[in-house]
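Following are the structures in question.
What follows is chain A paired twice: with chain B in the first complex and chain C in the second.
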Partner chain A sequence: MAYSEKVIDHYNHPRNVGSMDKASADVGTGLVGAPECGDVMKLQIKVNPQTNVIEDAKFKTFGCGSAIASSSLATEWVKGKTVDEALEIKNTEIVKELALPPVKIHCSVLAEDAIRAAIGDWKKKQNVAKPAEMQAQ
Partner chain B sequence: MRTRHFCSACGKVQPAVPVDYFTFFGFPRKLDLDTSVLEKEFYALSRRLHPDVFAQAETQERAWSLEQSSMLNDAYRTLKDPIKRTEYLLRLEGVELEEQSKQATEKARATGELKKQAVPPDLLEEVFELNLHLEELRMQKKAGEDDPAMLEEIGKAKLSLEEKYDALFSELKSEWKKWDKAVDSGTEEDRRKIRDTMVDVLNRRNYIRNLVRDVNEAME
Partner chain C sequence: MSTNGNTATPTSQETGQRAIPSGIKLPIYMDNHATTPMDPRVLEEMLPYFMEKFGNAASRNHPFGWAAEEAVEMSRERIAKLIGATAKEIVFTSGATESDNLAIKGVAEMYKEKGNHIITAVTEHKAVLDTCKHLEKLGFRVTYLPVQKDGLIDLDDLKRAMDDKTILVTIMAANNEIGVLQPVAEIGKLCRERGVIFHSDAVQAIGKVPIDVNKMNLDLVSITGHKLYGPKGAGALYVRRKNPRVQLVPIIDGGGHERGMRSGTLNVPGIVGLGKACAIAQEEMPQESCKIAGLRNRLKDSIMSRLDEVYINGSTEHRLPGNLNISFAYVEGESLLMGINDIAVSSGSACTSATLEPSYVLKALGTGDDLAHSSIRFGIGRFNTEAEVDYVADRVVETVQRLRELSPLYEMAKEGVDLKSVKWAAEAH
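This part shows the complex of A and B:
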């Protein structure tokens, strides 16, 4: 099956490949996998604690072209959004943007899962960090 | 009850009825299948249904024997293989792996709760780390470099994966026994739980299978 031009573009020039410090308090990490094809995707966000804006995003995906393109696009989309805005991103929007065929929809699902997992991890850190700060005062 | 492959009155071959492969052989929908029984049934039926037997028969009968033979072959190939058999049964039971994943994402979106990943986090970590190593290995190879320590590490990881792979098959077999019992005397809730566990086991096994394949390719 032929990939769309946008998928090929993201595949050849993936945006924001890399990693951030998992232990950092303002970094959220999402590691997800698609059991259907064995793909594994890591997406990380760096959130400004004052504004809740996602200032940076990185990803690393082992999988097919559609999975790489979906996660590459996801990092582009979350950057500059607040955490709540990023949670609004739906897999169907990724499908539309990349013109993914039905057999590759699970790649977009994976990318949405990765965003949610990263934000979930970040939120967990915020809840844990707050009482600690109060104790320190 | 087995489907009728032949007319009980005249003994003539019958058109293939669209039934599941278990029913085709007259087996219950159970998983701990004695493959020697399956094989015996297969050879017995295949002798009687083989299109050669019907070479002189009328066109309709020839066509039906061909239909029945091809269904017999598909049924045998599916049920003989332990993994294919399990996946087939899960499909019969209405389990759609991809659909389940999509629905879980939609639920997470609606409730704001985190989706439970089908593959456990520690295995995901392991898969991710090993993939990183493999990528490095491929790059070193391209550059004509050799890193024995890295190769050794990947070799060790591969062994550990193969052990896991075998352990998962044992786990699957013990789920078969639970399933077969639940078919006879369990509730729908019991069966649902066992189905979910089998899906989990198969997912993890697929992951590991792909990874071992990638390791072998990278080390060639």
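This part shows the complex of A and C:
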């Protein structure tokens, strides 16, 4: 009733559910939210090291339908974008696309945070990985 | 979409649809603590009082008034009988919120020279809690008793809280969220020994479990029609007339109806309905409670035998027959409700409230916020069937399983991560 058709669609058919290997160098993992607040999102991206393009994205979410939809949509949107492009995604765009009511805006904020956290994790790995690679060469 | 069932063969998980067993009509109503459907026998008895018997019960000098008054007095007797009271002790109101307000404010105002202290519990309904908060602003002192893990108050806490300024104890008979039954008889005994007036909001208990105002030493009892298969907008307050006589200052002034305690033209059809609902309950409660408890246990067993990490909130021993309040770990309540949208139940999740705070009742039991977010309240009532219970159990189990597959918390728990030890990043918000 209160949910938009798009939220219901993502809830019934969540896109890109799953997990990737957290330890892999080309995978970035973002885990945001807290169980006591009622929302936890895990968003993972797999980035092509040559092009910086996000080739795959997966999520798992504990939260309401709007939280599930926001994270599902986020995985759809980041796929095919470069890391820098993905950082441009704003929570307000998620709000607009899913027609989230004001009380659910925090779900979109969390999804944006999840994207940033996943990219941040990936970037950290690159900074750590690079000197090691150079040493190896 | 279900009409496409024979052209495509999507799984029930993909479509969110499943075969509907015969004899079931969707959506299924299983939220009988919020309100109950009207019993057709109640409606039947009310109908004449809308049209041909439309009189004002206060009209003393013509047959229209007499017919209305007669019906009102019969209802008064029926309600009184159900709780072991006398008809003159029943005051009609618009519902339990008004009854609670009248009882609490009425006692506070009447007995303020005697004392200014009121005792209640943290798990009370807002109609009681907010009334007490209002009185605090006027200078009354209110003790909010904590509850134990099972949702019951500790009688020693109550004893300790009572002092020579205590004029009123207000403790509900059955909780609206978790269905736990407070030790009303024991509370009544303590109050009587100390000469303290005892009020109980008994809306969830009346007609479900026996309530006897004399055996339980109740002085004031709030009653409403729509929780026992009667109409909305019709309620009553039991006010003890002797041993001791309880007096109230009215909160509504006017024509002096209801012996001055509640002015306003009586809602005759509603009162007739409330009376009939009580008469049915009087007749059928023992068998019905047994049947409903059986359905509740069937639902509980069916769910708990198929899912791990499912927790019942509140005492299983001292509980309304129709109540099941359970938390499904790693699944958020609102998303679960969304998945079982052909079933009407409630959740203690913050997401279902405007405040974004999870249930204060579950918090009071010491249920962690995470499990409070994961709670669902099932309220089984007179018209639920075994087939409905089985359907609900299946839908809940499959939806919880689907959402757990989607839950990072479930994945982490399965990997052996202690969720309590994780440093969550939510503080930033």
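The working rule: the second predicted complex is superposed on the first by the 132 of 137 C-alpha atoms of A that agree within 3 Å, B and C clash if a C-alpha of one lies under 4 Å from a C-alpha of the other, contacts with A are read in each partner's own complex, and residues count from 1 in each chain.
The criterion applied here is as follows: contacts are C-beta pairs under 8 Å (C-beta built on N, C-alpha and C of every residue); 3 or more make two chains touch, one makes a residue touch a chain.
All values reported here derive from a predicted model rather than from experimental measurement.
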{"item": "Side-by-side fit of chain B and chain C on chain A, or clash", "value": "clash"}
{"item": "Which of chain B and chain C A:90 touches, first, second, both or neither", "value": "first"}
{"item": "Touched partner set for A:20, first chain B, second chain C, both or neither", "value": "neither"}
{"item": "Which of chain B and chain C A:3 touches, first, second, both or neither", "value": "second"}
{"item": "Which of chain B and chain C A:53 touches, first, second, both or neither", "value": "neither"}
{"item": "Residues of chain A touched, compared between chain B and chain C (which is higher)", "value": "C"}
{"item": "First, second, both or neither for A:42, with chain B first and chain C second", "value": "both"}
{"item": "First (chain B), second (chain C), both or neither touched by A:68", "value": "second"}
{"item": "Chain B versus chain C as contact partner of A:120, first or second or both or neither", "value": "first"}
{"item": "Touching partner for A:11 - first (chain B), second (chain C), both, neither", "value": "second"}
{"item": "First, second, both or neither for A:112, with chain B first and chain C second", "value": "first"}
{"item": "Touching both chain C and chain B, counted on chain A across the two superposed complexes", "value": "31-38, 40, 42, 60, 62, 106, 109, 113, 117"}
{"item": "Parts of chain C lying in touch with chain A, wherever the complex brings them together", "value": "14-16, 330-332, 334-335, 338-339, 349-351, 354, 356, 358, 368-370, 373, 405-411, 419, 424-429"}
{"item": "Of chain A, residues touching chain C in the complex", "value": "3, 8, 11-14, 17, 19, 31-42, 60-65, 67-68, 103, 106, 109, 113, 117"}
{"item": "Chain B residues touching chain A - in the complex, by the definition given at the top", "value": "97-98, 101-102, 105, 108-109, 112, 114-115, 117-119, 121, 124-125, 127-128, 131-132, 135, 203, 206-207, 209-211"}
{"item": "Chain B partner contacts - residues on chain A that touch it in the complex", "value": "31-38, 40, 42, 60, 62, 87, 90-91, 105-106, 109, 112-113, 116-117, 120"}
